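The structure appears below as structure tokens.
Labels for the chains are A, B, C and D, by order of writing; each one numbers its residues from 1.
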Amino acid sequence: MPQVMTLNDAAERLVEVGRDFHRRGWALGTSGNFSVVIEREPLTLAITESSVDKSRLRPDQILRVDGNGKPLAGVTGKPSAETLIHVAIARARASGAILHTHSVWSTVLSDYHAGRAGFFIEAYEMLKGLSGVRTHDHREFLPIVENSQDMESLAKQVTSLMTEHPDLHGFLIRRHGLYTWGADLEEAVRHVEILEFLLESVGRRQMMEPERSF
Amino acid sequence: MPQVMTLNDAAERLVEVGRDFHRRGWALGTSGNFSVVIEREPLTLAITESSVDKSRLRPDQILRVDGNGKPLAGVTGKPSAETLIHVAIARARASGAILHTHSVWSTVLSDYHAGRAGFFIEAYEMLKGLSGVRTHDHREFLPIVENSQDMESLAKQVTSLMTEHPDLHGFLIRRHGLYTWGADLEEAVRHVEILEFLLESVGRRQMMEPERSF
Amino acid sequence: MPQVMTLNDAAERLVEVGRDFHRRGWALGTSGNFSVVIEREPLTLAITESSVDKSRLRPDQILRVDGNGKPLAGVTGKPSAETLIHVAIARARASGAILHTHSVWSTVLSDYHAGRAGFFIEAYEMLKGLSGVRTHDHREFLPIVENSQDMESLAKQVTSLMTEHPDLHGFLIRRHGLYTWGADLEEAVRHVEILEFLLESVGRRQMMEPERSF
Amino acid sequence: MPQVMTLNDAAERLVEVGRDFHRRGWALGTSGNFSVVIEREPLTLAITESSVDKSRLRPDQILRVDGNGKPLAGVTGKPSAETLIHVAIARARASGAILHTHSVWSTVLSDYHAGRAGFFIEAYEMLKGLSGVRTHDHREFLPIVENSQDMESLAKQVTSLMTEHPDLHGFLIRRHGLYTWGADLEEAVRHVEILEFLLESVGRRQMMEPERSF
């Protein structure tokens, strides 16, 4: 397991990630939220402040929260509304970083496949960029959770999902976007790039033969 | 209600907005026009000059107009042809900034749905980026106005529209683009980002199942 | 009629235009060619060298040619293979600059509509960015010429086309791209932006209702 | 035949190419691999290290391998898993550089046409940017190889393919992307630009008339 980052390093790097993801259309408006585990015992996350513009993210908008998603003493500002989901993922996977993006293709496909509670991405070489996947001959399940503003309930669903499917690398929330994670922040960033690429590829492939299913 | 900006601050920031929107394909050619309320009593707007290239916008191309859309004493240059629409919105909403963009997706959808005088954007998480919207479980109406070169008539229609629908965050003009606004310029910029994202998402979703309606 | 540019000014500005158009995907590989009229009597053009990479265009790759498309004394390097088309347009329209771009959407639509020898772009606000168009309520014909490597024959077709249709602002060559022009280079650049925007809009609109025709 | 590059020059230029291709979406995650022939007798390639992020490629991640794809003495780091394919192409074509990109459109079309073991790209002007092609009136075959993790077998198939089709400029691996090459690195880069442009054009053209075949 990689070493955890300091708050300062996490904040500096998340600012870069935020600007890059905004530029690429994955965190427009005030959408998207990002966290890094900065201590494991007790669990402590550095997470983006609620409702901030990612194209102008500042290090002081990265806040420390505890293992219940509560801001630590001295924190001013409100952590992301979705902090509980980050905590649930950090616990279920011992992951070092959790990233939530909100692209056009994740939004479109999370709705298109919603009736099936998820879909498979299969036999793409790009899957090998996901941690632990060694061959394109792999069948990756991408579950879809119905959207909700009840974060406790969403966090519970996420915990169940991750227990049922120990091999997941990410999931979608319907009409809301993608969650993925990694052993460290760089791996989580790579997972975003790879899953966003696959979502666009699968979406465009589907559009070329709407009558078939992929 | 936020404080109004000075002319200089408005001009400097609109130059940045113009260049950014041009780069993103939302204000190509000489399309797009942007205004900021710089005084409320009497109503005074700083607005982009008519027919200028937004990729090279200069502070001296931001002109002061009064509450009837007329250039104030000392102004050289012709204010945007659509100044009356800006004034109508500024009056109807007490908004601090009004932005008109002209993207591919707003153009396409304003025509696709023209027969229905508008359409709903519903249940998308991104809607929460619109001022006052607290949940994805929201039904946003985006009206479509027929295009016209008679600005007085268009401005009147806009006033009626905004009176009939007090909760609007924007509207489309057919084959012409999007108008949105905000309490201040930053909120208006965010509304553009959010509505443009939603238009692209709704458009691509529609293309995946042309037989259904969304 | 605007003043003509000097060779140096034309070369400097065409280098910028080349890099910008390459970045936007309108002049990839060695595609695209651009000219500016630098003298009217006798007709003299500054035109891009044949087969050069527009992302690395240099001022010394802008060559002087006469009214028959022949390089002037002292010119080293071969002018664009399509120089005769530029000359034909310069003569037919007294235009100050001619730009040929090669985008995905111009390529796709020049083939889709080839059977009809052209198509109309109608009732779009963006049309007002074309020189002399004062209202969206305008019907712009965009002819399509079959592609050929016989430049004399192509140049003759272009001359005929421009005589038959005195109001054209551009035309497509099938599976080859767009030609447009302007009174000066800035107007020609604006025409590219506007026509490329309209081509993408018309193309996506068509895809939303393939059974109808637009 | 152009002069070969030194290792240092190759490494410096490949770093630029890697960053540019990443930015354009052709080498996301750790996908893509690039090589340059730095000696012909005995055959020696400079090739990207396995599993590195192309947006942060460093000169020390360009490794020297011999004509069997084995790292030369003194090399630390593991060469790209696909080194054998690069060697096979270098031998079959006496090419100076080999580039493998992994775009959305190459992925989508390599799957759409997989049942036909390839497809033709025909009568596009952009084909003239491929080495040796003098007219748009050209029929370029783009074969599709089934993906595999057995690199020796893939390399053999590539050798056969290139023997059977001496005029190829590239091929696709199913759901995996594009291989192309050139007499030198600049020609190979141009071939990527041109083939990626043609793939997007052909893909979008296909989507406008799904019932026809192109």
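The working rule: a contact is a pair of C-beta atoms (placed from the backbone, for glycine too) under 8 Å apart; a residue touches a chain by one contact, two chains touch by 3 or more.
Model, not experiment: these values are computed from the prediction.
Asker: Under the document's definition of touching, what chains do chain A and chain B have as common neighbours?
Answerer: Both-contact set = empty.
Asker: Taking each chain's centre as the mean of its CA atoms, which one is most distant from chain D?
Answerer: Farthest chain from chain D, going by C-alpha centroids: B.
Asker: For the sequence-identical pair chain C and chain D, determine the rotation angle of the Cα superposition and round it to the nearest 5 degrees.
Answerer: With C-alpha atoms aligned, the rotation comes to 90 degrees.
Asker: Can you work out the whole-Å distance between the CA centroids of chain B and chain C?
Answerer: 32
Asker: Using mean CA coordinates as chain centres, what's the gap between chain B and chain D in Å?
Answerer: 45
Asker: Spell out, as numbers or ranges, the residues of chain C touching 2 or more other chains.
Answerer: In chain C, residues 207, 210 touch at least two other chains, as defined above.
Asker: Line, ring, star, complete or other: which describes how these chains touch one another?
Answerer: ring
Asker: Give the pairs of chains that touch; include all such pairs.
Answerer: Final set of chain pairs in contact is A-B, A-D, B-C, C-D.
Asker: Quick one: which bits of chain A touch chain B in the complex? Just the residue numbers, please.
Answerer: It comes out as residues 25, 28-31, 53, 102, 104-105, 107-108, 111-112, 147, 149, 173, 175-177, 203, 206-207, 210.
Asker: Considering only the defined contacts, which chain D positions touch chain C in the complex?
Answerer: Chain D reaches chain C through residues 123-126, 129, 134-137, 186, 190, 193-194, 197, 200-201, 204-205, 207-210.
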